[in-house]
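Across the two complexes that follow, chain A remains constant while its partner is chain B and subsequently chain C.
And then the complex of A and B:
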């Protein structure tokens, strides 16, 4: 039983970090544009397809796998810049329902385009050979899952440091929190937003490239992590990286123990957590202070 | 330096400013007086293009501003200190001043930030405190310092005395006047306090329901006290 619990905990942490990788870009876009991007999962999926197109089906070397994820990040980041220029920046002064419809339209567009470019086949993708082994630390862990946890932590630390320590991060936060005053003191608000939206989308592409292995790559990949990522962004506090990190871990663990203890009712606990937080602390765990 | 001609400003359908015209010399210091709702804030925001819809000609440094965005105007050398302060809560005092310099016009030599903080004794112990952890009066002081930090050609200062203790108001008047002189900053000041305005400026405009009803030196102002007071009394 202890082994089962340890295993569920380890799985929960891995799932949590995977969810965080997807949630990071989503919460960042919200923080900057105040737009909840329903198409985020599709960009994540596009990242996975691009990485897969580079590495191919068979296990690759770790550097090549990382290179592919990096290219996916760049490509999706560029798509983010196009999306902001064409659509998102125009949504800043319209009612929320338009935003919802517009980002949903982007989702449909992305899914359709992916189908046209990459087809409807389902691929099984393997992690790089060095990560495709297990280690025994009382429970069996794959190197790949440890790699995902490491990626999640690295992305988290880099974002926290980047936003709170770097001058550029402070500029981005200033523009995100008070765009009117940021403009009045002379910051190039539009341009700073564009760059940060590019970075946020790049994170989605990166997540796609890193998480593509060990699961079947298909057009529904976008949906698999997306719901948990949405929940994490809401529970963590819209726009908060730290909140998304903590909430993703919580959801990962609850999901994992849910399937251990209540295998016939998958996902119920997560939604109970979501509902409880919305009722008790609707602003989320780490609401943005102004 | 700054010329307005036939400026009209609107919020949606409401016509707030009517045919405003005046000009300021380089380094000139002008007060705008008027009762609540007269249109002082609207006038400053119109010059900055930071809110109302504006028609008419605004020229700055012999260049028509037309549709230039607020950030372009800031980089040309206008700094607006809004009446609601808008200090950046996640940044320290020092960073609030630094970010204003970062955004501002590149052509003028920068004011050393620590010298500037030294001019406002209230800010000295707050140098590394985030804006969100300051009192209203402290934020007000920082907002004014942030306007000066940009070393603008003209600072548009909206009701800086609001919420400050009387002794502090006196100190602020002294510092604002001194900074404008020392750093070559022109001042367009919207104020309720006639005393404060007199300390900081040499000319005065009175507006009433969106129209300029008086324009002249403080001496003219005193000579026409009776006529002017009608537009200021409630």
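And then the complex of A and C:
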């Protein structure tokens, strides 16, 4: 039983980090633009398809695998810049509901385009040989799952440091907090926003490239992670990286123990947690300081 | 005198005539789609009832469509001896009760994104429970649903004939549309508008805002269940797709496409969406791409939708007319 629990905990942490990789960009976009991007999962999926198009089924080496993820990040980041200039920026003065629906339109557009470009087949991508091994630490762990956890932690630390310690992060926070005032003191508001939105979308592409080997690649990939990422962002507190990190871990663990303890009803517990949190603490675990 | 006072009834009459003539003019496949379009239009009208008259953007409205559909489907599939009309009534009632309970929970925190995600999460939860229930066919849903024969004693209505069922749906559609129109143009509708536009002031004037919102949410849930309850036997299959968040988006798309600011917007939008899907059906992915593209175009360039676009044209024409009249007078 202890082995089972340890295994479930390890699985939960891996899932949590995977969800965080997707949620990071989502919460970042919200923090900057105050836009809840329904299309985020689709951009994540596009990143995965791009990485697969580069590496094929068996990435030859770890650097090549990382290179593909990096290219996916660049491509999706560029799409994000296009999305911001063509759509989101124009809707900044319209009621929130319309922006939500516009991002849903982008979701449809991306899903349709992905279907047309990549087809409806289901692909399998394997981790590069270095990561495709298991180690025994009481329980069996694949190197790839350790790799995912490492990626999650690295992204988290970089974002936390970048946003709270670096000059650029402080500028971005200024722009997000009060765009008008930021403009008055001479910051290039639109350009800063554009760059940070590009980074947020690039994170979605990167997550796609890194997680592509975690399960089979199909058109439902975006949606499967999207809802968990949504939940993490809401529960963590909209716009908070730290919140998304903690909440993603919580959800990962709940999902994992849900399948262990309540195997007939996978997936239900996290929604109950979400509903409880929204009702009891609607601003999330780590609300933005105002 | 503006042109719309006789234009609108004329357009509606033409629309009704076209719907009534459809069984004689189009093939079975298209007839099925027009039936679906009417059901989707009811579904979209019920969503816009919340959106336009209570300012509530629900992202889980398909939950009620699915509940209505599953209730009727279960009654037919498991052969409960319940007349079809009663089965539909019961399904609508179940939808209303669930909507009432959901409204009680959800409207505690009726604020933009929280409301959106809360409704989405609840609908996903219901979907998951349905997909784990043997009685409701788990992931596969219930299929091969027999269409009913209505026995009124002195005459029978055989809904196994697609044409008869089509007219049955059409009558239901007409009743719901007319009933809702009567409802929103009356005193209650105007009170609701006041609640949406400035809920604080409405509360100050003695309107019980929370109760009004709960009522609208319940009514919208009941209508969505009703549409779903007709859709299941019409399509002869029900699956968890009917309550997926993708289906929840359909009424939003229809409403926005047609125009949220007009009563008829969702109807125009629902038929528009079906048309797009029909003409792009042969090319995989194209329909989503087109719908997404069109929706984006609408949101960016004509946020008031197709109905709003016509309204704008009308106003422009009137303006030029009054301007030229003024010139004549001088």
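Going forward, the second predicted complex is superposed on the first by the 288 of 290 C-alpha atoms of A that agree within 3 Å, B and C clash if a C-alpha of one lies under 4 Å from a C-alpha of the other, contacts with A are read in each partner's own complex, and residues count from 1 in each chain.
Here is the rule we use: a contact is a pair of C-beta atoms (placed from the backbone, for glycine too) under 8 Å apart; a residue touches a chain by one contact, two chains touch by 3 or more.
In this text the structure is predicted, and so the values were computed from the model without any measurement.
Q: Label the relationship between chain B and chain C on chain A in the superposed model as either fit or clash.
A: By the criteria stated at the top, chain C and chain B fit after superposition, with no clash.
Q: Between chain B (first) and chain C (second), which, if any, makes contact with A:111: first, second, both or neither?
A: The answer is second: A:111 touches chain C but not chain B.
Q: Considering only the touch criterion stated at the top, classify A:189 as touching first (chain B), second (chain C), both, or neither.
A: A:189 sits against chain B, while chain C stays out of touch.
Q: In the overlay, answer first, second, both or neither for which of chain B and chain C A:101 touches.
A: second
Q: If you stack the two complexes on chain A, which partner ends up touching A:165: first (chain B), second (chain C), both, or neither?
A: It touches nothing on chain B or chain C.
Q: For A:227 in the superposed arrangement: first (chain B), second (chain C), both or neither?
A: A:227 sits against chain C, while chain B stays out of touch.
Q: Decide which partner touches more residues of chain A, taking chain B and chain C as the two options.
A: Tallying touched residues of chain A, the top partner is C.
Q: Contact-wise, after the overlay, does A:181 reach chain B, chain C, both or neither (first, second, both, neither)?
A: The first partner, chain B, only.
Q: Just to be sure I read the superposition right, which of the two partners does A:281 touch: chain B = first, chain C = second, or both, or neither?
A: Neither chain B nor chain C is touched by A:281.
Q: Mind checking the angle chain B, chain A, chain C on Cα centres after superposing, to the nearest 10 degrees?
A: Approximately 90 degrees at the chain A centre.
Q: Quick check on the superposed model: minimum Cα to Cα separation from chain B to chain C, whole Å please.
A: Value for chain B versus chain C, nearest C-alpha atoms: 17 Å.
Q: Where on chain A do chain B and chain C both make contact?
A: Touching chain B and chain C on chain A: no residues.
Q: Quick check on the complex: what are the chain A residues that touch chain B?
A: 170-171, 173-174, 177-178, 180-189, 289-290
Q: Under the touch definition given earlier, write down the residues of chain C that touch chain A in their complex.
A: Residues 51, 57, 105, 108-109, 111-114, 116-118, 120-122, 124-125, 128-129, 132, 245, 249, 252-253, 256, 283-293, 295-296, 299-300, 303.
Q: Quick one: which bits of chain B touch chain A in the complex? Just the residue numbers, please.
A: 48, 50, 69-71, 74-75, 79-80, 82, 86, 88-91, 95, 99-100, 102-105, 132, 146, 150
Q: Using the touch definition up top, name the residues of chain A that touch chain C in the complex.
A: Touching chain C from chain A are residues 36, 87, 90-91, 94, 96-98, 100-102, 104-116, 119-120, 227, 230-231, 234, 238, 264-265, 267-268, 271-272, 274-275, 278-279, 282.
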